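After this come two complexes, each holding chain A, first together with chain B and then together with chain C.
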Partner chain A sequence: MKWTFFHRMSSPKWFYDFSGQCLPWVGLLALALVVTGLTWGLLFTPPDYLQGNSYRIIFLHVPSASLAMTIYVGLAVTAAIGFVWKIKLADMAVSCLAPIGASFCALALISGSIWGKPTWGTWWVWDARLTSMLILLFLYLGLIALREAIDSRETAARACAILAMVGVVNIPIIKFSVDWWNTLHQGATIKITTESSMAMEMLIPLLISIAGFYLFSLFVFLLRLRAEIISREQRTTWVKALLGAHS
Partner chain B sequence: MYFESLSDLFTMGGHGPYVWAAYGIGLSVLVWNLLSPVLQGRRLASTIRRNALRDTVRKEHIGNEQLKSEGCR
Partner chain C sequence: MSVMSGFGVVLKRDLHLAFRNRGDLINPLVFFMLVATLFPLGVGPDPETLMIMGGGVIWVSALLSNLLAMDSLFRSDFEDGSLEQLMLAPQPLWMTAMAKVISHWLVTGLPLTLLSPVLAIMFGLPSEALPAIVATLFLGTPLLSLIGAIGAGLTVGLRKGGILLSLLTLPLYIPVLILGTGAIDAAVSGMAWHGHLLWQGVLLVLGITFAPLAISASLRISVSG
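Entry: the complex of A and B
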């Protein structure tokens, strides 16, 4: 029972139809949460007693940094599944996740840098958290470049899957860098096991913003994957029928 | 709203340029993520339709040529 579902899910056509049904709901909810989270954080929270207003960058910085790491883990798991079972859709997903992850990784680095200037007095330091995050951006860019460099689709899929799986070693390094080394970057604010070190009036808009960013990336991921499915399946009759292209 | 005036909102006690720059860049990242698959999808759809049209024209052409050569024989 479970296996038939798994197989059906990995069919590009089934996924195209299914994702089309989810798309408007995911998009609307993402829009509502992102707008609520960011305007709340920007306009309706009190300033930080130490950092003043510069801390408002947190409502952008934390969601994008968290996404950059989560998307990488998702990408690596998908790549591993595609590598073992040779699933076309998995490789399509890997190719679509890379640019989204790269964009959020860049945003985390840039917003962090802009936040660092008024708070730490510097745009950049080579501390463990910042450096490992920069490596994550290079991994994303490497995945995009590697795919472009290889003409054969099967070889590109295998090479990208291997790079993605090896690169996963960087994720725990980013996560625990603030605990393992003495970094200028602060430790985790939101903790699952113990109480978060943040006032409720700031934590709630932050959580809304995080949820919004996650849904937003799910939305743009579906958009990208649907375009990728059309691109790779363009010779099939169902795509031609869908686009009204008869030959 | 926390801020007392509009200028207060813009300056944010000296942190305005940093906060607004970060939000501007953040917004542009979101917009890029949204636009790039939409534009890609549109480009793709028009390419596929054009190719299909070209194939149809070519098939008809080949068909006509065959008819002509059969007529000669």
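Entry: the complex of A and C
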């Protein structure tokens, strides 16, 4: 098997051209799925027999929470690839992924807290899931802060890669210990995961909006990455030619 | 010079440096006591409350005191260039890093562990909890030093590394804190607490295995950058 495709993929110019072709399709599909999923979920599904209409925030909350976790793992894998093979594009991707993941993490926490008020009667409980999510947000903020603090891009890339890898090794340990802490400190008074069997008419719009959110974050990621490529490669001839052609 | 003797030389040198500068030796301990003193002042002197909080307060104070001392782990060596010399030495860098972490633990973590029963008595914890406190700190503080050293290595080249170091390492300290206070809580309520201790041991073994690699990688990044 030849590895040339790998090197071609990691060339910023090739990636810029390729992503430019995909971008409109990803954006349109994301828009269609998010609009379908959210409209269906928010307007046309029947209200929950226990929670009434307040459960509808699930169509926003679950996709954000899922993305916050997926993006961290994706970020760590990308960082490891960039660290081992010293690929510039991988580091650009890491620097673009961190703010997106942090935003979804914050969105999951905020929407969860708004959901918690009518359901549990409180904005915040020290539940294992909520606490793990908060720690994940701190891990994201640490990554962003480290990158901001280091002036040299090369050093920042390698330092962030190390931190991301250390973080992803620690996430299962943190998750496990927080679960344990929660069962020790308080009885399971509130369980988020009681909905084992979800009605089909709620599940389908939820899955659609999850898919929509994933595509939306891919769209935002590509936009950011393209901007990052242009900004970092602005001295190269192909970017100069591109900018010259546009102006 | 053999690999092990290099390790010994670095360890001895760091201990020498620490003992020549008595202030640095005492300050983390004073800080440890001071932070623990703030809690009763903040929440009130009620013995019942203090007994419930005691284990957690001791652990949080130990964690903060460890973090405070962590910032200076590589800094002076980085500034005067001896870190670069240590990296050029024929022995592997992770071993040098290990020696520095061990000496750091010997001058902060270990005295803190030995001092902890005094605080436990001041917080009115029952005497059955004392072995749990000493044992968890004994296993937990080296792990804190190992994890913190990764962050210290990443931030050593930065001028305002201190606050960034705490942002990077505190989330990673959480499992150690949970296991430590879990064992103390179990001991206070008269239950078996060895399970927590064994898990802490597991984490320590994991830390000893992987952290030196991460520390040496982070030092290389900071020095070459």
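The working rule: the second predicted complex is superposed on the first by the 214 of 247 C-alpha atoms of A that agree within 3 Å, B and C clash if a C-alpha of one lies under 4 Å from a C-alpha of the other, contacts with A are read in each partner's own complex, and residues count from 1 in each chain.
The rule is short, and it goes like this: a contact is a pair of C-beta atoms (placed from the backbone, for glycine too) under 8 Å apart; a residue touches a chain by one contact, two chains touch by 3 or more.
Because the structure is predicted, anything quoted here is derived from the model rather than measured.
Residue contacts after overlaying the shared chain place A:70 against neither chain B nor chain C.
Shared-chain residue A:234: touches chain B; no touch with chain C. When the shared chain is aligned, chain C comes close enough to touch A:159, but chain B does not.
Which of chain B and chain C touches more residues of chain A is settled by the count: it is B.
Judged by the touch definition given at the top, the superposed model places A:226 against chain B, while chain C stays out of reach. In the superposition on the C-alpha atoms of chain A, no part of chain A is touched by chain B in one complex and by chain C in the other. Here chain A touches chain C in the complex through residues 135, 138-139, 141-142, 145-146, 149-150, 152, 154-155, 158-159, 162-163, 165-167, 169-170, 173-174, 176-178, 180-181, 184-185, going by the rule given at the top. Residues of chain B touching chain A in their complex: 1-3, 9, 12-16, 18-19, 21-23, 25-26, 29-30, 32-34, 36-38, 40-41, 44-45, 48-49, 51-53, 55-56, 59. Against chain B, the residues of chain A that register as touching in their complex are 34, 38, 42-47, 52-54, 56-57, 60-61, 64, 99-100, 103-104, 106-107, 110-111, 114-115, 117-118, 216-217, 220, 223-224, 226-227, 230-231, 234, 239-240, 243-247. Interface of chain C with chain A (complex): residues 150, 154-155, 157-158, 160-161, 164, 167-168, 170-172, 174-175, 178-179, 182, 185-186, 203, 210, 214, 217-218, 221-222, 224-225.
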